[in-house]
Amino acid sequence: MMKSLKGPAIFLAQFAGDEEPFNTIESISRWAAELGYSGVQIPTWDSLVAVHPAYDHMFDAFAPENVRGNPPARTEWAVNQLMLAARASRNLGLNAHATFSGALMWHTVYPWPQRPAGLVEEGFAELARRWLPILDEFDRQGVDVCYEIHPGEDLHDGITWERFLKAVNGHPRACILYDPSHFLLQQLDYLQFIDIYHERIRMFHVKDAEFNPTGRSGVYGGYQGWVDRPGRFRSPGDGQVDFQGIFSKLAQYGYDGWAVLEWECCIKHPEQGAAEGAPFIAEHMITVTEKAFDDFAGQPPDKQLLRNILGLS
Amino acid sequence: MMKSLKGPAIFLAQFAGDEEPFNTIESISRWAAELGYSGVQIPTWDSLVAVHPAYDHMFDAFAPENVRGNPPARTEWAVNQLMLAARASRNLGLNAHATFSGALMWHTVYPWPQRPAGLVEEGFAELARRWLPILDEFDRQGVDVCYEIHPGEDLHDGITWERFLKAVNGHPRACILYDPSHFLLQQLDYLQFIDIYHERIRMFHVKDAEFNPTGRSGVYGGYQGWVDRPGRFRSPGDGQVDFQGIFSKLAQYGYDGWAVLEWECCIKHPEQGAAEGAPFIAEHMITVTEKAFDDFAGQPPDKQLLRNILGLS
Amino acid sequence: MMKSLKGPAIFLAQFAGDEEPFNTIESISRWAAELGYSGVQIPTWDSLVAVHPAYDHMFDAFAPENVRGNPPARTEWAVNQLMLAARASRNLGLNAHATFSGALMWHTVYPWPQRPAGLVEEGFAELARRWLPILDEFDRQGVDVCYEIHPGEDLHDGITWERFLKAVNGHPRACILYDPSHFLLQQLDYLQFIDIYHERIRMFHVKDAEFNPTGRSGVYGGYQGWVDRPGRFRSPGDGQVDFQGIFSKLAQYGYDGWAVLEWECCIKHPEQGAAEGAPFIAEHMITVTEKAFDDFAGQPPDKQLLRNILGLS
Amino acid sequence: MMKSLKGPAIFLAQFAGDEEPFNTIESISRWAAELGYSGVQIPTWDSLVAVHPAYDHMFDAFAPENVRGNPPARTEWAVNQLMLAARASRNLGLNAHATFSGALMWHTVYPWPQRPAGLVEEGFAELARRWLPILDEFDRQGVDVCYEIHPGEDLHDGITWERFLKAVNGHPRACILYDPSHFLLQQLDYLQFIDIYHERIRMFHVKDAEFNPTGRSGVYGGYQGWVDRPGRFRSPGDGQVDFQGIFSKLAQYGYDGWAVLEWECCIKHPEQGAAEGAPFIAEHMITVTEKAFDDFAGQPPDKQLLRNILGLS
Amino acid sequence: MMKSLKGPAIFLAQFAGDEEPFNTIESISRWAAELGYSGVQIPTWDSLVAVHPAYDHMFDAFAPENVRGNPPARTEWAVNQLMLAARASRNLGLNAHATFSGALMWHTVYPWPQRPAGLVEEGFAELARRWLPILDEFDRQGVDVCYEIHPGEDLHDGITWERFLKAVNGHPRACILYDPSHFLLQQLDYLQFIDIYHERIRMFHVKDAEFNPTGRSGVYGGYQGWVDRPGRFRSPGDGQVDFQGIFSKLAQYGYDGWAVLEWECCIKHPEQGAAEGAPFIAEHMITVTEKAFDDFAGQPPDKQLLRNILGLS
Amino acid sequence: MMKSLKGPAIFLAQFAGDEEPFNTIESISRWAAELGYSGVQIPTWDSLVAVHPAYDHMFDAFAPENVRGNPPARTEWAVNQLMLAARASRNLGLNAHATFSGALMWHTVYPWPQRPAGLVEEGFAELARRWLPILDEFDRQGVDVCYEIHPGEDLHDGITWERFLKAVNGHPRACILYDPSHFLLQQLDYLQFIDIYHERIRMFHVKDAEFNPTGRSGVYGGYQGWVDRPGRFRSPGDGQVDFQGIFSKLAQYGYDGWAVLEWECCIKHPEQGAAEGAPFIAEHMITVTEKAFDDFAGQPPDKQLLRNILGLS
């Protein structure tokens, strides 16, 4: 039987704040429900399992003060957070947890200067060494680990996902959080991505983006801020992502997880984005059909009829 | 070591005739050599292994008189022809033979009226029953059977190729004659086809085509003749096929067979087509490089250097 | 005076069934009205006037048991059904009846193997012989016969429509049921089709489709089922048909027939499709303007003014 | 029998000058022959049959001094020139003469401010009054009048051509000089133009153009000079015109006139343009085939065979 | 602080008439408010500051009877109207007035026949002589003069706008009324236009258009009426203008003027257009965000941290 | 007077080697001349002025052994090399030197994790501190410093070029080496780049590239080697760069430097690439015209004529 996806839900990361109704989980959930959301996704801050030293100073802001400036301690803390998250998820009845892979190789993403032979193999081996114990713990708790495929991370496209999955021996808990905005910004075919990797997609962020290169700047953006870059995030429906195509493919492949709004528009006000997001998702939801037009469903093949049609005696 | 393809060659089917120099194999080969071809492909007429009765009257013209109007005899004759061709190929030192699959299901290619359940499975099973003994004989002779993927045949795209290959249990002699013109006319992505199926491609026809639909007619052509159809064959370079892309992909995957001109233009004179075809193919030939820009080739990985670059102690 | 089209209506073929409210004409009409439809189209099963023997076994399922396996009897039955439909239409106050042309040549739609000289002419002559008495009866009843231009039928594009119309001597009752989904799937320019043939378009099915070819399959579909084919039907708004363009052209040419939803999506549930279809059509409806911006309407030409503007003395 | 076009030829307007070899018809023809041209086209200056007063001051430069500032005399002079050209053409054995229609309405080409009712009808009636005697004289001499379809003239696209042809009652000598550059610059479909109007095309200028609009300027060009306009002429092969498509269509429709280079590039030196033009045209020439792949050529239809294939008894 | 635009408003030119509710400013404003508009724009008829004699007869219809046939008097009247409009605007508390530039050169927009050297410079100098006193008066009243960039006017694209602005020495009151429909019809990049000229855009008309060239006609339209031209105006949302892109860019650049519907569709009824226009604009309105994702907002740069990240000691 | 570019030349970096004729400057130059090149470009290895520590281990391979592992010494060595290169260029009569900017910020090119406020400003300030003395020395020698705009460098697009040029106060010796392959791979509009920055372009590499993203990988390439990446370099003419457009624009803006082949194809053999490169460049060379079609060249403006045309008395 075909299955339909769930939604709309909303990711709270960009909304949580110090003022009513954004300051408590109860009030923010009530706010979301009134806008038409039937689920919320709660952010965690555990994306620090693998950090190259070039980024140490930038990631310290995400860690508690007592581990800042001490990368090994920070990594240990991050791993512990994930182990706790696995158990928390089981206790809350959740079956999937979102995270980042971390990045050891990202600073070499452009293939110049040349990477020495073996660098990529060694990088993924190290990632696997760090993630396998975490994946095993999540497996014990019955929870999937959904890596957000994301530039800046070692897992940033299908190829790196395949390399990682192979490095962790196809671990059954290694899954994907699918966010098309990160694919559009790297001009990856995000619809074909679903055709290839749908079996491991367990989470879905509804986030839009647009890419409008000029004679001044292209995909790298020239160190500009978000609003000035050719590639930038937009509120759902304001960008170039073909969500109709995405929802159709997810329905076709029987994805039955949530469709979660992630708002991060460089132009539109977040509350307008949230208010428009729930009906936007609702309009794209597809209840799948049980009807097929292809054959005389339910009837066993009539061998003689078939041979007649094929022109065989 | 990467390998390069061979060529240019020319398929003689559309040129052989009753007049000098087209009336003997010696004179036509000399004519081809003078135009710059370094190989010729000689047509055979053995594509009658599987014919649906609706087409009996149309295929009889390809068979000798004594089997016309007698489909079982005609099929037996065609199978015998193929058995002889296998041995002839070995004797001539050839390692590949071109053919068509035949068609039992083609009249049902449009999915209306509905096909009864099991029809496609039964059709491919029958095809396999007929082709397996032939494939085995070709295997004994050390010759590949290259099916031209072609509308009108049961093997007309990648999907039907996959079904057939599965039905013959992945027989090692079941291979592909790649002709992009037949893919362009059905709007199949002929470059991606090479990415997916390159391991089985053993022959290559350089034949061009164009598709210019209007408000009057589309892919089906409205029973019009070739010159009036939106989709039609053209001399190489006069159509829409991206041969630069094809030669690049074949070079990248190490295809080392021939590039064979097949001329079948509805507008241009065949002798002009043949004269232009040899330089056209020659300009597209790629001698592959042995240089790589990716890593410090030949050096063994330096583990400590790698760990330094990855930021590991 | 310009005229506007009528709608939304719904074609009941894919909805009628054994369960409430789909089991009686009254209850299903009430269900449709509640969704916002102001008209219904009732299916008939009379598309059996011309069937090539290769399809006999597949069409028998559409005919009553007593004529199955007996093609001449089945054809006679089908013609009678049409004669009755003509009179029924007049009695119900309807002025148009939808049908299929039937197919004698469809199995030769791909121009290989070659069609013998005269085949197409003979085929359309036979079609005309069968349809002329029916068209005359419809003329007596004052009802148009609207052929759905449809792959699998001899009338499957503009060219075949022109051939047929010529074969029936431009019979005034020979008209067109326009369904863009069948045109998109053959990559015919469905907007230009309206420019060319609008005078004979008397019915309009609002049915969507999409075509997404890959390296595995193109327009022929590889004998796959609907959900897996590159070309497939979709709920209105979910596919690639430019309905805004269609409604604009129909309004421009003064089409005043109905816009009838035909739902046949391989993914979305039919009840969701029906619920979304009525507002979808309503949003596309155009009430035509009486204003023109082109000239000083209503004023007779002022010859001297014109000559002044043209610079003539 | 299909016919092939002639060429390459070269239009001398932009080359004639005061210096060797461009100063005599003999030396310039020898120069052209050495570059590979087998024909030349000689410019005339007779495009002054219909001039709106707003352009009087700009066209006077094309007329002899004694008629400048005197529009009626200038028009009379121009008509006389054409009458002489008709006879000169016959004497030289030429069967076509190139000209412009003139323009009475061009200043109103943008439909704002509104044109008063009847303006266009009156304009074409006046054009017909002026051209009919000229067309008749050309008819007496057996020479076609080929109007270059050209912005700035009343005959600037297919619609205005149709209006004019109707106004001169479909005069058999009213023909078309086809120059795709003028169509590309107005974004008219120059390939479809051949499909529609090929029967009247008797001359063909091989002239290229490109259109690259920006945020600063579009089709109107902002009163800039040629090199700065988004739309500008280029040497053949340097612009965006699909000459392969044009030569294919002209061959398909049996055009047997000349392919004449007209060079007017805003960037490239004219002598480089002329040198490259002859081989450019030569490479695009198509000798048409006599072979057809569609049916068993030369055989009379076999009625019983046809009925068998159609499935009729 | 970023600013948001205002709307929806409606331009009354095409709606005012003799019948209720379109015959008084009170009743038409009430009608507009009920449709959801929060502002109205009232048309004036003052676009006669510069008229080339070729158009005298066509513009007289816009002027009062006593100045018709007397171009200098008509121009004087038009200038006076503008002077009055400046004061009226201040009295009504309005800060922007819409107008046309007039046209002295438009009849030479196509660069053939050649324009004599200096023509464009002289034309813009004359325009500046006429407009500078008007601009100064508007400056005294504190009101911007917004020129609608429009074919048929000398200011019809970015290049002519730049020339004019230079001719009036960058007068601070010389501004732009941005209407994308006029840009789409000349294939100018209307999104890039905003990037380049946004600082002078003070008014915005929400008017749609489409351009569908054929083999019969392109951008010039062949003197056809609006409904038959390849380029024509449409109700907002029915054409090809990317309003999402426009509203995004205007929000990004802090445009805080009005979004004013101008309806002028050649197909759809004006009242349907007006009813659909208000929600269409409302759905496109963007309240701008104050959030930035780019840096640790509000924090002063930490020099040492920066040097650490840059790898400087 | 318009100027034309020089060429073809060839960049020797990828050809120099240990075997004849690639092992001496004399023999390799003779080899190049025989292929049709009229100039050579000799590589230097001085791109080490600014290296972020994360790349120290990768750049050491480019430096002499005695400064490896000692970044300050390596930078000093690199600066000295450049000072010597300035003098060497003057001695050789060269007026331009190619180099890279170096990179302090490249590891933060993706804007996540967030860059702290001021990072980009500080980075460019540091770059300017290092480059200003070098630029001054080159100025003393009369030689331009041409930065290759290149991913992996801080100067990788137009925006970063503008920032750098501002940081060095618009130093007159700061120029651009234009290589379109690096722009295509980041989807930057390389034709518009010339429109904007042509005044500073002093060198031009003829290098081709292609970008074919899939569902597996996009612009970042997933750490794959060159042959497998969606974006990869190709021999000139084998990729997607529009060289006709580039040569046209360079000719239009009067670029009179060299067109230098840089071969770095991941598929084609370098000697085939070199052999095809010279005629490829030669075919694209444009000798600029001195003719203009815009006005009556050389004549002084005739004021009264202009006013007549403008309709002024």
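Note that the chains are named A, B, C, D, E and F in the order they appear, and that numbering of residues resets to 1 at the start of each chain.
Just so it is clear, contacts are C-beta pairs under 8 Å (C-beta built on N, C-alpha and C of every residue); 3 or more make two chains touch, one makes a residue touch a chain.
If you're wondering where the values come from, they're calculated on a predicted model, not measured in any experiment.
In terms of the stated touch criterion, the partners common to chain D and chain E are C, F, listed by label.
Look at the CA centroids: the one farthest from the centroid of chain B belongs to E.
Counting every residue number used by either copy at the chain A-chain F contact, over half are found in both chains. Matching CA atoms, the turn from chain C to chain F amounts to 180°, rounded to the nearest 5. Summarising the inter-chain layout, the chain whose CA centre lies farthest from the centre of chain F is C. In terms of their C-alpha centroids, the spacing between chain B and chain D amounts to 43 Å. The centroid of the Cα atoms in chain A and the matching centroid in chain B are 41 Å apart. In terms of their C-alpha centroids, the spacing between chain B and chain C amounts to 38 Å. Chain C has residues 52-54, 58, 61, 105, 108, 111, 114-116, 123, 225-226, 293-296, 305, 309, 311 in contact with two or more other chains.
Working note: touching chain pairs come out as A-B, A-C, A-E, A-F, B-C, B-D, B-F, C-D, C-E, D-E, D-F, E-F. On chain F, the positions that touch chain D within their shared complex are 191, 244, 248, 251-252, 286-296, 305, 308-309, 311. Interface residues of chain B, counted against chain C in their complex, comprise 52-55, 58-59, 61-62, 105-116, 120, 123, 150-152, 156-160, 162-163, 183, 186-197, 211, 213-226, 229.
Partner chain D is touched in their complex by these residues of chain B: 14, 54, 57-58, 61, 225-227, 233-234, 238, 264-270, 272.
Residues of chain A that touch chain B in their complex: 51-54, 104-105, 108, 111, 114-119, 121-123, 126, 293-297, 299-303, 305-307, 309-312.
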